[in-house]
Amino acid sequence: MQSVSKTPSIRIIEKVIDETPTVRTFVISDANLADVLPGQFAMVWIPGVNELPMSVMVIPEKGKAAFTVRKRGVSSTALYDLKAGDQIGVRGPYGNAFDIKDGKIALVGGGTGLVPLLRLAKFAKPTNDVTILMGSKSKDEVFFEDAANQILQNNKHQVIACTEDGSYGEKGFVTDVLAKLAQTTKFDAIYTCGPEIMMHKVVQLANSKGIFVQASLERMMKCGIGICGSCCMDEVMVCHDGTVFDGEFLANSKEFGHTHRAKSGILENY
Amino acid sequence: MQSVSKTPSIRIIEKVIDETPTVRTFVISDANLADVLPGQFAMVWIPGVNELPMSVMVIPEKGKAAFTVRKRGVSSTALYDLKAGDQIGVRGPYGNAFDIKDGKIALVGGGTGLVPLLRLAKFAKPTNDVTILMGSKSKDEVFFEDAANQILQNNKHQVIACTEDGSYGEKGFVTDVLAKLAQTTKFDAIYTCGPEIMMHKVVQLANSKGIFVQASLERMMKCGIGICGSCCMDEVMVCHDGTVFDGEFLANSKEFGHTHRAKSGILENY
Amino acid sequence: MTPDLSVSIGPISLGRPAMLASGILGISMEVFNRIYRNGAGAVVSKSLSKEPWEGYANPTIVGIKGGYLNAVGLSNPGAPYFAEMIKPNKDVPIIVSLVGSIEDEFEFMVKQFENCNVTAYELNLSCPHVEKVGLEVGDDPKLVTKIVSRVKSVAKAPVIGKVGLGTTNYLDTVKAAIDGGADAITAINTIRAMGIDVETQRPILSHKIGGLSGPAIKPVAVRCVYEIASKYDIPVIGCGGISSWEDALEFIFAGASAVQVGSAVGDRWIDVFSEINDGIANYMKKKGYSKMSEMVGLAKRF
Amino acid sequence: MTPDLSVSIGPISLGRPAMLASGILGISMEVFNRIYRNGAGAVVSKSLSKEPWEGYANPTIVGIKGGYLNAVGLSNPGAPYFAEMIKPNKDVPIIVSLVGSIEDEFEFMVKQFENCNVTAYELNLSCPHVEKVGLEVGDDPKLVTKIVSRVKSVAKAPVIGKVGLGTTNYLDTVKAAIDGGADAITAINTIRAMGIDVETQRPILSHKIGGLSGPAIKPVAVRCVYEIASKYDIPVIGCGGISSWEDALEFIFAGASAVQVGSAVGDRWIDVFSEINDGIANYMKKKGYSKMSEMVGLAKRF
């Protein structure tokens, strides 16, 4: 059984890796988080600032875990600005995990949505033929290409970077590239994590072709453990019933791809 | 590891055995208490009346435990008067246990003090040659003779009942009978439980002959778990450091055989 | 004969004894539906204010030894938004929790629910970590009487006062609520508490002080229910640390007519409701009770 | 450099930060000796009354989820008997806990200790389960001031007021003790609580209502220490649920100058004192503190 902590434990940031001009990876030692399942997340406390849900990034060394953070608002920027030696608090791991199917699988991610997908890649079966599609605006926002190739070195695999401006890899939205690919390749399963509009398109595409699909969702999270309700979507709590949901469930969701709740609990449009 | 409960759990009295006109044994099912070590006790709650420390009596059937109660004051009488089907609460087991030595051992008990000694007999090594001395005033107060023979059936053993009036077995105080016996038999260890004056004599005798000796003591008990201090004797808590103490410790005790504390904590003479 | 798990809390009748406590998963109609289907007797909404509130920054809820510490800061979508959301509801007994500082606010909020199916209003007189509302109201018995009687005068549904341990005697708050015409009392809210992280030397919650919930507070909550039920003739709803059918019965025996379950959802998930229902039904069968009301307050006979 | 574990609580100086709390193993000089040798900074006696008290019938102390429930009923051998017992004591810092209803009783008791080596008096203003004393005194701030000032006028040793959560604002009790001249405050006592056995439907304690202690109350106690230390300029001794060095530091950071350990003795035995000493010393080494006072109240800077 996985050991789950509900109280923040302080960890020292041991290493900071610049991934892009706005994305950094922070490495800590945490035996508990080192082995989380793909899709699971932790609550990361930036003392004095906020506590944010974060997917747990794969780190090759035993007993190490990491968070890959994109600098956005106040809180993620405060995290992004931390240095080696600084303290953060972590609790978790929380949430369910992707179900890994046999055969040809596609992982479709955007930005830090790649974090759970790379962990999924790490859990891939030797027989999985893995295609990773990574979307970004332009060349300087591409990251994790090497990490992906490294993790999948023993699998048949391809890593396809897609940039909207065509400055690197395939040109276009990652969803368009996936659609093209899916015309010729018969995927057995598609997994996605990233901006909700992107995931919504991926799920629609997969559902229309009858391909098994799972998406890892984001919502406003406070407790992370199914108490406060702030992460609710339809009748599920994304933190507890998810973050990973099947295409079938998502096809019936009134909220997925359309609305999410603000801090007050009011539904807002994407 | 033994599982120790600090909260009373309700048990149904399944059987009541009359041992003498003033002593009864009450059988319950309790996997936890069935296997306590010799010397350990439980706190027995007589709902609406009191909660008393009680040694746990050996019952041959698996998963069963029992209390053997002498009717004395209000509380023990209330317990004594319970019937099959009535409820009592139990928590425990608490306290330490006798150390069982090799060779010839003597168990010297009076009244319900026999309870932990019979459990010790049950834990005897196959190589132990066991002498049980049971003291009582007169014939109708003798009990556990059969139980003792039964428990020790695979050991070399003798069960000697001693009555003060000579109406059964050996005539005289159990301590006198022990003294006589010890002149001819070289005991490797002596264990005693019963009235403190009796135990005091047994310990003196053993110490004077250099025989290893242990006694299981009684004191006023409230918590049973080393919190309240009501059972203290010298610097030890009888419930937690005992109830079993070595002859060496007892020889240095200012209180053993002389004083015990009343409910208020005031020292009173025996 | 299967025992009847329905309960009456004064004028309020519910099919099952355990409700979802306020502030737990309490902002979405779909979630209410799910929890009701899973065995809750009713759902109590998150405490609603006149306007939407964002609440405090995280950490707002963390686990600690014996339970949880929270200072969510009463984030809620506001009464008008919430009323709109529950308008279509027909089946689920919803108890609307309200929070505010003065009578007028409460009146405004109750009016939002005129066309809603509301089982009762629960007035939060006891949130321990937001200024000017909750406990600060509950600690002012005169204000409590004013608020309760105003709500009584405008509400069509029964009114419950929810109390907790503040800086005045909570029994005076209960009395004040009774004087205002309250139909029932819920006891208790979380207890004001704090956790400090030893490594950073910082209070763990962003608000520093919050409320303690979960098993840790159960013995205190049972005592409060027992005291209220012994002292006053008003139905009580027990709340605080209930996570099993035994816990629920402990409150019933102390004098509660029904119970609410909060933190246990974080430990046992929403299965906790059917576990409680089944456990109580078995107990009733074993002991020969046919109705819940036969068990209310049985501990008081000793 | 080994860190200095000595603490000053106003006029009281102790060699180590953790004392044995009142009512725990607290009636025998030999036991006090043993606990002091095992690392306690001082021992607080069982609360003593003018005359010996027998206390309540068992069950008086039971374990429950998160801690212990007790209603011992303040059984104690009485101040005169106890004073006689500790007369020979030279080495062990003994804090004498006193309980009573009026100033005269306290004066009588203090006088018993004229020829004893008393480190301080701790006035129990907070026992939650005996009538006319403890909390019923603490809930009456005027009486508190009277008692404290009377004790101050006759006692040669410093005077500590021990508070808990009663029916008035405990901060008013603290204020009243300060007004009476108290040298320090101990916070908190057990919290009024109850457990009911579901099988028999009976209150478990013979006195029915008792006090909750142990880990369950720690977050509440930390909050109280933080509130007192933030509001008043008086040294505070933290008490409630401390069972590790981390727990002890949590209270220190909240503003306590020293701590008391009670229930943890039932879980970790008296080794708990040296565990706390060692843990704090290691922490100080790691973080570069040389004196305990450098750490007092550090959480207040956030």
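As written, the chain order gives the labels A, B, C and D, with residue 1 at the start of each chain.
We take it that a residue touches a chain if its C-beta (ideal position, glycine included) is under 8 Å from a C-beta of that chain, and two chains touch if they have at least 3 such contacts.
Quick caveat, the model's predicted, so the values are computed rather than measured.
A.B. asks: Could you tell me which chains make contact with subunit A and subunit B both?
C.D. replies: Common contact partners of subunit A and subunit B, which must touch each of the two, are absent.
A.B. asks: Find the chain most remote from subunit C, comparing centres computed as mean CA coordinates.
C.D. replies: Most distant chain from subunit C: B.
A.B. asks: For subunit B and subunit C, let me know how many angstrom lie between their CA-based centres, rounded off.
C.D. replies: The mean C-alpha positions of subunit B and subunit C differ by 51 Å.
A.B. asks: Please tell me the distance, in whole Å, between the geometric centres of subunit C and subunit D computed from their C-alpha atoms.
C.D. replies: Whole-Å distance between the two chain centres: 33.
A.B. asks: Let me have the rounded angstrom distance from the C-alpha centre of subunit A over to the C-alpha centre of subunit C, please.
C.D. replies: Result: the chain centres lie 36 Å from each other.
A.B. asks: Any chance you could list the residues of subunit B touching two or more other chains?
C.D. replies: Residues 48 of subunit B each touch two or more of the other chains.
A.B. asks: Which subunit C residues sit where two or more other chains touch them?
C.D. replies: 64, 195, 202, 302
A.B. asks: Which category does the touching pattern between chains fall into here: line, ring, star, complete, or other?
C.D. replies: Shape = line; chains linked end to end, path left open.
A.B. asks: By the document's touch rule, what are all the touching chain pairs in this structure?
C.D. replies: A-C, B-D, C-D
A.B. asks: Note which residues of subunit D are touching subunit C in the complex, please.
C.D. replies: 64-67, 69, 165, 167-169, 171, 191-196, 198, 201-203, 208-209, 212, 215-220, 222-223, 226-227, 246, 249-250, 253-254, 283, 298-299, 302
A.B. asks: Could you please specify the touching residues of subunit C with respect to subunit A in the complex?
C.D. replies: Going by the criterion above, the answer is residues 23-28, 30-31, 33-34, 46, 52-55, 57-64, 68, 70, 72, 75-78, 81, 195, 197, 199-200, 202, 204, 206, 262-263, 265-266, 269.
A.B. asks: Write out the stretch or stretches of subunit B touching subunit D in their complex.
C.D. replies: Residue positions touching the partner: 5-8, 10, 43, 45, 47-52, 87, 89, 91, 222-223, 225-230, 232, 234-235, 237, 240, 261-266.
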